[in-house]
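Presented sequentially are two complexes of subunit A, the first with subunit B as partner and the second with subunit C.
For the complex of A and B:
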């Protein structure tokens, strides 16, 4: 048990280190000078003030220190929970801005991922043995897989919101509504939440159901399934065993998919102007708000790692073999 | 798959899409290739594949549709009714006989734009698939063949690449880069989507290298790289082809996402760029559906045709899946 977790934890620490280092290195490796670009924004027309300002910012952001010191300071700040200050929304702290946006993103992602995973697996497993379902779910699943995220979201926003007015076209809640624990506010949140949620859900759903269908068909052909049938076990029992085995690769697939789903979520938030992290990082990029950009990058990596940790734990729970081997190692 | 990830969602979007399906596909395809052993390369076997290939409706349909789009991408621009980037008519015209798909907010002909943007979408998709395939194969072969500490290091690397969301990384990089090319976009997609290929290739190399014919090759004094390329790789040929097709589809979908967010090639025109402009200039609010619906529909058809062809090819290579 400890060995399994120590290994996993080692991987997470390594991935976290790599993520933070990449995040730190990007501004320093890229061509061009972000400080110069920032000073240029003040549109100064003479060289004297420009140089003075450049020196000031260079020092303020710590770019005048040796690289090694900069790297060290970066980690030091990170562990103090300091991700810097937004340039665009000065003097707002990056952490505060992330904290405001994160709930919207989580509210979209968590239900969409869980629901598409659970329903996709169920329906996919059913499709594996029912011809009618198979002939509808499979083509639909492939169709959703072939659609670009951005386009599905645009098409949904166009037809369901702009044309039919069933849902709002954009935003996280009705403009001018005070946030609070009121029915008006919460219903407005839900009303704005549904369409972005639906698009993220649909795209993932297709992938899971197709994957599960193929896996269950494969499992039903294995020796243990044949043996069970030869013993006269009822179809339901055989399928239950097949399902339990097929769910394992799906679960590891879920861990691999997280990065992709997050990417799709960013696109969806941009289409719907939904005030989550995806929208925040998109505006940060257009505003060249570097501290905010890099802060969100780290936050998302931490999120992916935490989600992976949860999946690891669930894996132990669904796969008795991991559990047994761990007990064996402990004994 | 596809994963379509867009999405490298293979699963979901291709990448996205690609992935979840890719895993089962790998499982389903591997035994077929492996069972054949070296005979798989006998010419008789090859004719057998061809025999089933020309009789597989899914393969023919998918391939047929794809060829039409590839042709449109190559020769379409020469037959386009208007120069794609120029402002040829009044703004925001509805589709009509003069402008098959109407005009944009700026007065460009949407149909001509569409024909012209196919090329870049295919180019980026091909580059992404080629780089992802090459890196994935190289890492998978080395990790699976050598094993040991090198395998550990490469697996850790694979894991780290999976953990870092590529779209977020590209947004951060894009904020610092003033301009970049279609080549950059393709390479970036390749460099971030190879892990699932590497995993599958590694696993198959692992099982294949314990086979008798590999031992025999080793005894005959062949060197490692030669065995991997001449004895192991041909046994995975069908899988590699299928994986490349899925990568191709997922790369195109990923590129749509990137282009949509304005992270694509500077001054490029691709299907994603059309979506991006339509969104930026309120095509949605102005109900200019002819501006953003066709590019996405065309992309969906392009990728769906690949997926259908892929399923068909899988049946050709894997006798278990053939409908008799």
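For the complex of A and C:
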């Protein structure tokens, strides 16, 4: 058991190392010179100050060092919780900016993912044996799942916000409101949160419910289900077993989905102008703010790895077969 | 009389029409009788066995009645059957290796199953453990997951669970086919032991392995393309089968572990007819070396000799013309008249005498 966990943990550390290294390498492999681009913005018309400024920033960001040293510094800084300084919001620290944006993204994604997963599984399982549900939820599920997410988000933002004015599409809360534990502030937060949350929820709910419906139908046809029914077990028991077994592939699917949901989230936050990490990525990318971009990616890498690790542990807990293979691995 | 089946018809609904997998089957199984059920793959053995306990979605009860211990068995009423399942009729299904939920411990599964039926595992636990030991499973098997067991162990576990409530009738579908030879023997012996100990009153043992039937069966019944062809005591079936199909099936058997599918049916080329729209008359006609005019009519499943039922015109003629004696093989001209009693014995039948079970 401990050996199994040690191995798993080793794999996660390896994944983390690879992620961080790629994250570090990408801006350095990309065409273009971010420092030069940044200095260009000051619109200096003579070469002298330009070079001086360039050298200054180059040194400040450490780009003048040999690559190897840059790499070391990167890790060193990382372990000291230092993700560098943003170019675009100079001299704001990247960590500060992430800390400001992350709560919005987490508040959006965590409930949307968990709620769509739980409800999708429940309703999908029900649809597997109730015609009425199967004929209503399923087509809707297919619709939401097949719809390009950006399209759904844009449609919602356009009709429900821009045309009908039912919802806002501006920031995380009403402009000018002082943050604090006040009803006005919290309700404003919820009001701004609702539409982006709903679109993310609907899209992944469609996917989960369809997947679960098909898995439960499959499980109800398996030999163990037939055997139970042949021996006179009540439908409730058969369904309970089927649900429990059908959830396993869904759980692996959840782990896989976590990575891609981040990408989709950029669209959400840009469309709804929601001040989370997705929006920050968009800004950083358009402004060629590599330090900020790298910092956010590291945050995401860590987040996805931690979430996957949690799912791994839950999986071991719910599927006894993984426990056996663990004993095999430890032997 | 333990089980009595009257003109049972079971079909599968398919897109191309109904497949008549069991087509008018009448037979009985006595108390303490172990009846072997044999026949080529796809002839409807499992369908017949399954229909006695669980008619699932795609299956359709077209007609016929089933009686168990003098009371009608409501096979087409899924709810009403629940009461009888496991208690009166039970099954070790053909898929026994995968019959246990992979994510539940054997003991948990038994507990959940009994609880779902309004019973308590605790009540039968001592008996459960005794039987686990009897079939040679380790004591802690109740705390094990199915995937921790070998195929043979899973089969035995299924056997114990299925018979936990001492059913009147047990259907054992291919319980030996996936096992190695020594295990086949052992499981065969266990089946008779279960009967002898009174865990099960009577049994239908479906198998491809006639040597197992020679070992354990009291009677053997053979099916061909959804219909019964012959039923008699095991020794009669092995020594003196009357139906040409049975003769072909048994002609070089029994040999330990040999499945009749593994050999060609000697001298009988061809395949069984489609059950989607079977041809009229004797279903074996296409392949039967003795087929004659009369065979365009469906031969009835009749008791030709005491305790020996056969569905074959020629066998009927033979018996009527004095079975048991050797006849000359000259009159090979078949004639259509029912009155024509000139019997014609197949060469293999004469040669078979005395070739008993080893």
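Assume the second predicted complex is superposed on the first by the 319 of 331 C-alpha atoms of A that agree within 3 Å, B and C clash if a C-alpha of one lies under 4 Å from a C-alpha of the other, contacts with A are read in each partner's own complex, and residues count from 1 in each chain.
Note that in this section a residue touches a chain if its C-beta (ideal position, glycine included) is under 8 Å from a C-beta of that chain, and two chains touch if they have at least 3 such contacts.
Bear in mind the structure is a predicted one, so any value in this text is a computation, not a measurement.
Contact with subunit B, but none with subunit C, is seen for A:142 once the two complexes are overlaid on the shared chain. Of the two partner chains, subunit B is the only one touched by A:288; subunit C is not. In the superposition on chain A, A:308 makes contact with subunit B only, while subunit C stays out of contact range. After overlaying the two complexes on the shared chain, residue contacts for A:169 are found with subunit B alone; subunit C is out of touch.
Of the two partner chains placed by superposition, only subunit B is touched by A:26; subunit C is not. When the shared chain is aligned, no partner comes close enough to touch A:72: not subunit B, not subunit C. When the shared chain is aligned, subunit C comes close enough to touch A:232, but subunit B does not. Taking subunit A as the reference chain, the count of touched residues is higher for B when subunit B and subunit C are set side by side. Comparing which residues of subunit A touch subunit B with which touch subunit C, the overlap is empty. Those residues of subunit A that touch subunit C in the shared complex are 222-224, 226-234, 236-237, 241, 244-245, 248, 318-321, 324.
Within the complex, the subunit C residues that touch subunit A are 50, 53-54, 56, 81-87, 90-91, 93, 95, 98-105, 112-113, 115-117, 145, 147-148, 158, 161-162. Residue ranges on subunit A touching subunit B, taken from their complex, read 11, 14-15, 18-19, 22-23, 26-27, 30-32, 34, 142-152, 154-155, 157-158, 162-163, 169, 203-204, 206-208, 210-211, 214-215, 218, 221, 249-250, 253, 255-264, 266-267, 270-271, 281-282, 284-286, 288, 290, 293-294, 296-297, 300-301, 304-305, 308.
On the subunit B side of its complex with subunit A, the touching residues are 1-17, 19-21, 23-25, 27-28, 156, 159-160, 162-169, 171-178, 195-196, 249, 253, 256-257, 260-262, 271-272, 275, 278-279, 284-285, 287, 289, 292-293, 295-297, 299-304, 306-308, 311, 320.
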